[in-house]
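Chain lettering (A, B and C) follows the sequence in which the chains are written, and residue indices restart at 1 in each chain.
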Amino acid sequence: MSFFVKGIFLEQKKEPMLTRSTLVMRQEFEYFDCNFPDVAIDELSREQIIELARLAEIVDESDGKMLWEKLEKSNLGEGGTFIVDAVDDEPYISSQMSIGIHQPEKLALGIELCERVLSPEKTYIAMYRHILDSNFGIPKKIGKYHVKKIGGRYPAESRVHRHIPKGKNSVIIGACAMLHLARAAEESRKMTSCFITVAGDVVKNPRNVEVPIGTTAEKILELCGLTEEPEAIILGGSMTGRAIFEPENEKVGPMTRGIIALARSYGTYSYTCIGCGRCDDACPKALSVCAMRKFADAGKLDMLMQYDVSMCIGCGACSYVCPSRIDISATLLKAKKQIELAKKEGTL
Amino acid sequence: MKEKLMFQNAPHVRQSESVVTMMTDVIVALLPIYLMAFFYHGARSLVLGLCGALCCSVLSVLGALLLREKPVPDLTPIITGLIIPLLLPADIPYYVVISACAVAIFVVKIPFGGTGSNLFNPAAVGFASVAICWPELVFRYPATMQAIEIFGESTAKIAQSPAYSLSLGAVPDYNVLDMLLGSAPGPMGATNILVVAACGIFLIVKKAINWITPVSFIVPYALLCLLFPRIGGSPFEALCYELFSGTVVFGAFFMLTEPVTSPKRDFGKLMAGISSAIVVFLFRYFGGFEMGFASALIVMNVFSPIYDAICESVLHVSRHKESFVASIKEETKLRKNKKEEEKPVIRVIEKAKEPEELPEIKTEEISEEEILPEKEPEEIDLSENSEEKEEEALQL
Amino acid sequence: MKSELKESLGYIFFKNPVLVLGLIIGHLAAGDTNLQNAAALSITFFFVTVPVMLFASTIGKKIPAGFNLVCYALFSAAMLVPAYSLSGSISATIFDSSGIYPALLAVSTVPIIYSSKIAEKQTPIKAIFSGLCITAGFIITAVILGAAREFLGSGSLWGFKLADAIYPAAKLPFWGFILLGFMAAIVNWIKEIFKKSEKGEEEGA
């Protein structure tokens, strides 16, 4: 169906998490002070904001880097674009979007502070538009910042780059980090919590929660309640997260986007590949997935290199569409890892 | 809570569509064609279909047992077994159908590794083998609207099929409406064009087949028939006779679109459709057999991996566009430099400018390096995901 | 000594010239449609292979490198004459009825190169022995294939009608190739079983 447009349409299933307000899980200590000298927010200078981000230990949840390092490194200047990542194109996950919708003032303040450091020409917030299964309206503006609606098929996060003019600089920072920065400036508060979507078909009370970093998955699921015993608990997004076996030992980190409890795992089929080529159509990077899977099964790493397996972004679109339910994405990522190892050892 | 937890790889949501639903769609789409065959030829057509489906599924289970594999509840042999009788006349003896099924399963499918690994379309090869072996039975069609005895020798009246008259260069005795409705004699399932096309469109809507393959086959074939008509009269009439006789429409929807043997990419499917239109046309135009479709399809199946390779190489270049363009630019620059060196005397002044040009190139390189950090977040996301996955693997 | 003997005997089955080494597939698939053709092909193969191997093991070493293949081909072509006369003594028409294929055997270079390469390293007696083994392997394949195709295709054996024709298409070259493929698969299957049992014995020891 697609000559040029690649990717897949997913049922987003973001309701009712998106419209419900964020639930805050009580922390044992209220919060830590980040010991920053009392300066009025309007008068914070560039260096002071970076210092604030460093003291508050804010981690950017979109890539796991420290915010202050990112701010210090980049100075956008003329033609630079500053993008706030609130895309959330995976099903169920809506933790970044909900910040923009339920705490817009704080988000706007955080963005303003970052703008002061980065001094970009253009700033916008990126959000995923095609939430077809609910009639939720995305706001046009948050504070004074324009919201750019990223549409289209599933791996939309990789398409954020398309809106940047060529040859110009840009910085992408997650929305939660902005919120934490605003809190640090207003309340002198360290980043001790993270925003997580708890969802799935067996969760009694699905919603976005703010939990302390290091809370176990079991506790979070207890907070939201389960209607029946799940067959699969997933830490992370529904497309890229991983299934966990010991929810009492698995802790959430600043990068965790969600916890999803599913009544049924998708199950395995005993079918072989019938060569329908849907994976090739779905791949957002236009790789020859069907052929690559065959090479990966046969262990032909050199052929995989020729077919550019290193360009695989692990979005999981190929596994999603596969009618034989083959774990294509996992196979390819494993092969990619093998190639990287072999390159390091110099055997390839 | 712990006991029930299962391991699964990302992504954790999957499409509800599966091989089973795809294959059921195809089987459902084949049933109306059998109903039409029942209407024109009586119950024997249904028994033939049952015989084919049973034979193919039993043989494929046998094959799996021979290879010491666990037999999979696989619907593909049933489809093969349902398609083969539809290509044959309704009064065909049962042993012909059974031998076609045996060839399809035991020669084409299982030796190459079962479902998903066959090089050729099993139904096409099965049909071609019986067409070579018993041409006098396969190409002798009973007239429509007469019930054929379910068992034993058929006593039905024999009629000349439009495809045969076309191969002789004669105008068929039937008008276009007859051929659309299927009252002209011919293969059991391929004559009722309207029903076949409706079933094909059903499959396209259900996304069991890709629309590109049948469209890219039928349109060029129709064009070729318009350009080189085999019979006199108006070109439109000739086109209708060519399209509606034989197994062209049925094959385009049900055989050409077989996922295993067709190219994987849309562009490959387009190329395969066009090229098989040309080959089918040549087979029918010059060939001895009145039914060139199956043989042409077998020939074209060989090329589908090649089309895939062509698509991949084009995409490979497009993926590494920047590096290719850069290397070409470098080469042209080197050549220019060489040419300038070859004419040293006249261009002394221009040569002096060269050092100025060099720093410019350097600045370009720097700007490219500056762009690189933009792409970093994406890559880092990835590595972390894959690390998580490795941890999973270690846990396992 | 024993290993050499084993190697030569291997040409009968485990290193069958047709099914495992894949040397003369085309001639058999196209020409070997009944038992009479199989006999003609076998006699020709015997007269082409054994004398050529003897020739190669005795005189072959003395011929300069570029010319030996030409000499072998000429010699094997000359050997067609006794093959023709011998097959004529069995039945007058079998050589003629099997068409061009026996004659083609004499000038098909791949088996000649293969057999002469084996023979050049061996003494004349051993060369004759391994030539006989290769011929035996060929004869087994040709006879099984010819009998199967004759029976399936026309329901007879050596021209004697036994039953009605089951599957007339078996006489086509297409089916020759497919049957050869199946036979090769069976041989490989048996080979694997033997390998496994040998491995098991070694491990047991």
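For this structure, a couple of remarks:
One rule holds in what follows: a residue touches a chain if its C-beta (ideal position, glycine included) is under 8 Å from a C-beta of that chain, and two chains touch if they have at least 3 such contacts.
Remember, it's a predicted structure, so these values are computed and weren't measured experimentally.
Counting C-beta pairs in contact, the pair that comes out ahead of the other among B-C and A-B is A-B.
When every chain is represented by the mean of its C-alpha atoms, the one lying closest to the mean of all protein C-alpha atoms is B. Work out the mean CA point of chain A and of chain C, and you get 67 Å between them. Averaged Cα coordinates give chain A a centre that lies 39 Å from the centre of chain B. In chain B, no residue touches two or more other chains. Those residues of chain A that touch chain B in the complex are listed here as 1-3, 10-11, 62-65, 73-74, 91, 157-158, 161, 164, 167, 169-172, 218, 226, 229-234, 236, 238-247, 255, 260, 262, 265-266, 269-277, 280-281, 285-288, 290-291, 306-308, 311, 313-314, 316, 319-325, 327, 329-330, 333-334, 336-337.
Only residues 1-2, 4-15, 17-19, 21-22, 70, 72, 74, 76, 114-117, 207, 210-211, 259-267, 269, 308, 311-312, 315-316, 318-319, 367, 370-371, 373-378, 380-382, 384-386, 388-393, 395 of chain B touch chain A when the two sit together in their complex. Residues of chain C that touch chain B in their complex: 167-169, 172, 174, 178, 181-182, 185. Chain B contributes residues 99, 107, 111, 129, 132-134 to its touches with chain C in the complex.
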